[in-house]
Amino acid sequence: MLDRSTIIGFISGFTLILSAIVLQGDLMVFASMSAFLIVVGGVLAATLVNYSYENIKYSFLTISRMMGAKSVDLRTDMELMRMFAKKVRTEGILTIDDEIKDLNNDFLQNGLQLAVDGYNRKSLGNILDDEIQSHERQLSISVKVLDSMSEYSPAFGMIGTLIGMILMLQNINDPESLGAGLAVALITTLYGTILSNMVLGPLAGKLEYLSKLDLNRKEMFRVGILSMVEEENPRIMENKMLIYLEPKQRAEYKKYHEKLPYGTNREEKLFQEWTKYQNKEWETLNENLEVETG
Amino acid sequence: MLDRSTIIGFISGFTLILSAIVLQGDLMVFASMSAFLIVVGGVLAATLVNYSYENIKYSFLTISRMMGAKSVDLRTDMELMRMFAKKVRTEGILTIDDEIKDLNNDFLQNGLQLAVDGYNRKSLGNILDDEIQSHERQLSISVKVLDSMSEYSPAFGMIGTLIGMILMLQNINDPESLGAGLAVALITTLYGTILSNMVLGPLAGKLEYLSKLDLNRKEMFRVGILSMVEEENPRIMENKMLIYLEPKQRAEYKKYHEKLPYGTNREEKLFQEWTKYQNKEWETLNENLEVETG
Amino acid sequence: MLDRSTIIGFISGFTLILSAIVLQGDLMVFASMSAFLIVVGGVLAATLVNYSYENIKYSFLTISRMMGAKSVDLRTDMELMRMFAKKVRTEGILTIDDEIKDLNNDFLQNGLQLAVDGYNRKSLGNILDDEIQSHERQLSISVKVLDSMSEYSPAFGMIGTLIGMILMLQNINDPESLGAGLAVALITTLYGTILSNMVLGPLAGKLEYLSKLDLNRKEMFRVGILSMVEEENPRIMENKMLIYLEPKQRAEYKKYHEKLPYGTNREEKLFQEWTKYQNKEWETLNENLEVETG
Amino acid sequence: MLDRSTIIGFISGFTLILSAIVLQGDLMVFASMSAFLIVVGGVLAATLVNYSYENIKYSFLTISRMMGAKSVDLRTDMELMRMFAKKVRTEGILTIDDEIKDLNNDFLQNGLQLAVDGYNRKSLGNILDDEIQSHERQLSISVKVLDSMSEYSPAFGMIGTLIGMILMLQNINDPESLGAGLAVALITTLYGTILSNMVLGPLAGKLEYLSKLDLNRKEMFRVGILSMVEEENPRIMENKMLIYLEPKQRAEYKKYHEKLPYGTNREEKLFQEWTKYQNKEWETLNENLEVETG
Amino acid sequence: MLDRSTIIGFISGFTLILSAIVLQGDLMVFASMSAFLIVVGGVLAATLVNYSYENIKYSFLTISRMMGAKSVDLRTDMELMRMFAKKVRTEGILTIDDEIKDLNNDFLQNGLQLAVDGYNRKSLGNILDDEIQSHERQLSISVKVLDSMSEYSPAFGMIGTLIGMILMLQNINDPESLGAGLAVALITTLYGTILSNMVLGPLAGKLEYLSKLDLNRKEMFRVGILSMVEEENPRIMENKMLIYLEPKQRAEYKKYHEKLPYGTNREEKLFQEWTKYQNKEWETLNENLEVETG
């Protein structure tokens, strides 16, 4: 499933454009298979020359995968990491061996597994770093692919319009048809502009934005995993990880934990049911655990 | 309340454009709900795809909050910090515990509170650094959101014009109406250009400019707080902080303090009434304290 | 031979453009030797002024050489390097002296030869580094040449159109011919736009993309060669080199080797037949070696 | 007074544009108060939103101050610094206390004063560094303000033209007036283009260029002052400062001093009359001192 | 004399444009002194405001000097440096004192002279570094000047066209003359586009390209001179300098010297006649020395 703002954006954007047309005239005037083919096909052809089929496919897979990802709440991630860190501190790292397989973030799962396997801080740090960097390289290529496509779009719109205009001007016997011919010629420019500004440009921007969030989350996990391996105080780990949260979320998280009454059964409860809460909103997790506390 | 130059800019800009229209023709020709919808709606839709609803809302909240902030005079901040530093030097850091709650800059309040709570220089330095950096990240996203919106504007103006032109050229039976049709079609381009160059572009620029001022001020506070924690001579703190002032303001501040007669009751007076002066212009503060000196 | 996606891109792109023309009118209208000369000739002339004949020739040689290169599978490179490293570890570096001449990657061949010749890690590291850097400089100039050509294209299209329009407007006695004259004038703009967006721009992008892949591969070889010279454990070499693979390929490679049953004759077989597999897909190598294993 | 090349540029540029008009038609056709108001007013309004009134005023003050500065010859600066350094080396830094007040470069005056006041090398180095950096920040904002204005200009030219065209197309009853209407509409575009390319763009470029020269000169003074404080050999100071001169000027300066006969009364003469020569061309200084030498 | 590719580029480019005109119509239609004046004059005026007369003159002097430089073959430079280094190693640095004055590269001559004068490695290294950096600064300003001119060109073309169109539309009594008027108006746009894309843009690019080659050569000399001062083995110097050659030239040079039979009189011969070969192609040098060897 796409992320909500993207869907709302696409629906409202195209509704606006379509209703602007319908209110003033006939929608069918704007439906042109040849305009569609020259713009979309031309963009794909130029991108094939520029990159490769695999790159294009991978870009769209990445963006659909990223936008379809279950909503991510870094505060929930914080709770789980804190819980694991406390377990590791008191009962040793092998305690979480069974839990790891239930994690549904590959990076975190892989990192914790390596920690359990006994890698030392330095080599584990290098491995996680390389992982993040090679992920970053991949994502930046995908963003570039979408950016190039967005830049080729208006050019192919213009190519279609130029072809249409040249043909129309050539057969100018009937001046009456001149207007209609120009109208048809302009449709490819319209398609190219819409494809670039309503679809490909915003999608490239979204992928870049989501990439940053994802890399930020991976960095947060990396800091947390390394802190566990060094058996640092969970409180220190928490402070190191909190930097990666937005100021507002960080404040909420800190305030909540400061006000938490001492000696609740929150932690134990969370450890038994944590799989239910991963990728859920932090509020959901709190509500459920709260009830028991009360 | 918006900052003054923004208001004056908006009022004078739109007055100019509107009077240019009124002097030459009928204003109603230019009022077009559909043009407004396609430009503003299209920009919002593309931005929703590119970012998320939260980002857009946050950008506008940030800029309105920043522009509505009470005027900031770094020289007044200097006076208060100097006063606190002297107290801390002579009577210990706990003296200012009561004062902190009256500060109305969150960053300064939070930083001094941590100093009172006994954090050492190094960890306090890290915390304040992280705070500034995560604030910077947030602000740069907000600037990018406004920049993207400013870039999408002319494109949607063009999309509206293309739709209008295609429809007009299609129904060209009545050549008389051709002019009026083209006029209507061009209105979306006009809206897109105005939205981009009179509203969104300048607002993005303003946010970037105010962000820099705000981060500069935070850096200044950070340097001051750390200097207090290390119990450095207030004079040294003053010199370190002065770097963040504009050359002209710095010169005025230094000149004023050099000429100040020895042994006035200025400091004590300020300590009793400082809450009245925070966020006020430095001149106001000086005038009031001067009277007593004289 | 060009790489597949480039061929498919060119064929599909030009097919699209040509069929868009044929379906609507006469292809011959668009065939204009003078338009071709002014755009292609003008771009070449401006590029000659900007760079030199050698640069232009070298850019096209580079891109045709790079795109014609046999497909490169970094996993196959990994297998060969691993095999060499094991030989070197057990039997000394002179063992591979005979093998080196069969390698068909110049950089790897040269690097291993220097290793056999007894260069120490530090000077060998410097030599390979310089090699990579000077290669990088050369490639970035080639990319710039193609980029400049792509930027000059639309300008010469516009120059041709301006010349055509001025001549047409000058001899405006026969308003009937005005359309045809404009049509002819627009053809150079069409050529310039197609040359820029369908040929030179994408080729510049492709060269940049392939350069990165090539430099990445060279970096991988460099790390491997230096690891051999230091007689590190082949496993460590493998881990260092794996960073340069894409995440997906890395995972496949690691998984495959983890599941490999102990004590197969795979290694020996590979050592005898490795020349057959270099530059082949990894899957091909595996299939063939698998049979023997089974 | 503005610097000469700017005046010549403005006069020749506007003369060219005006004579191009006068030779072909009536200048009054192009005089349009409303076009002037919408372009200049619009640019100012957008810049007010983007920055603040103070920034705009400061930018124009800076550029007029910088362009009005007496011509600067770094070789003359070299002569004075060399003279001071020799005095300081032989008679101690207090010797120049009286001279400092006659210097008319604020940065140099302030720096030497601090040196006389006894600041050590390290803190003086920091102070001068901060001074240069905060000056650099200020100047880069001023350049940005002018750059933004130059970018808003064509947009407001286009806004004016769009308004004119829409009004004209609306009242198309009289096709005769269509041409005149379009002519009037295009005048704002002309104004916007001229404002951007003949005034604001070049001024922004000039300010950036002069800023670099000014910062270069300040860096040269900084190096010289610090060298004096450390009581280095004036020859060493000279060599350190010479780096900041253009190659040609540096060569001339070095050649001149190498050929200077030993034991002239040049130095003493210069020390008595140096205030006459500061900000004068180096050639002037040489000519006058030469006479006495001969 | 200009470098060959520039001449060929200019001749072929303008031949193309002129023949495109002649084949279709009358060349005289395109000859317009006023269009030439407004474009070239306007660009010069704006550049005068932006920079200064000296900068513009210096830019064109630099590019004509650089393009007129005798062809440079780094391999010939290598041979000479190698020869000097061997002399210095065996007979001391004073041996080359007489030779230096015959060198026709200022940087090399100056550097070697300082080496003979007895500067130590560190101060000589600093001097040569400063020399290269200040040269780099100068060249980057010259490139910027040409770049700005190239950017102002189309703008002044547009200004001329706007003036022409406004005048034409104003006096629209005779619709017949409308075409001719528009034709004349468009000529300035044509001039501006050609000036930017066929002359100034490519020249700016050429200067940037030649600057890089020149700085690369200076860096090579610097490395060689410092190696001589340290009396390193000429072979080591050779290897350090070879990095600055293109891969292909480097390979040729290395191959040639490896195959050279031992004990030829090549070196002595070169030392007696080296002035004949400097700035000549390496092949020429080889042919002549070869004969004697055989």
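Going by the order they are written in, the chains are A, B, C, D and E; count residues from 1 in each one.
Everything below uses one rule, namely that a residue touches a chain if its C-beta (ideal position, glycine included) is under 8 Å from a C-beta of that chain, and two chains touch if they have at least 3 such contacts.
All values reported here derive from a predicted model rather than from experimental measurement.
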{"item": "Where subunit A and subunit E overlap in contact partners, by chain label", "value": "C"}
{"item": "Contact-graph separation of subunit A and subunit C, given in steps at minimum", "value": "1"}
{"item": "Rigid-body rotation angle, subunit D and subunit C, from Cα fit (steps of 5°)", "value": "145"}
{"item": "Where subunit C and subunit E are represented by their mean Cα positions, the distance between them in whole Å", "value": "29"}
{"item": "Inter-chain centre distance, subunit B versus subunit E - centres from mean C-alpha coordinates, in Å", "value": "48"}
{"item": "Cyclic ordering of chains (reference subunit D, direction subunit E)", "value": "D, E, C, A, B"}
{"item": "Complex interface listing, subunit B residues touching subunit D", "value": "3-6, 8-10, 12-13, 16-17, 20-21, 23-26, 29-30, 176, 178-180, 182-183, 186-187, 189-190, 193-194, 196-199, 201-203, 205-206, 209, 243, 245-247, 250"}
{"item": "Interface residues, subunit A side, partner subunit C - complex", "value": "34, 37-38, 41-42, 44-53, 55, 130-131, 133-135, 138, 141, 148, 152, 155-156, 158-160, 162-172"}
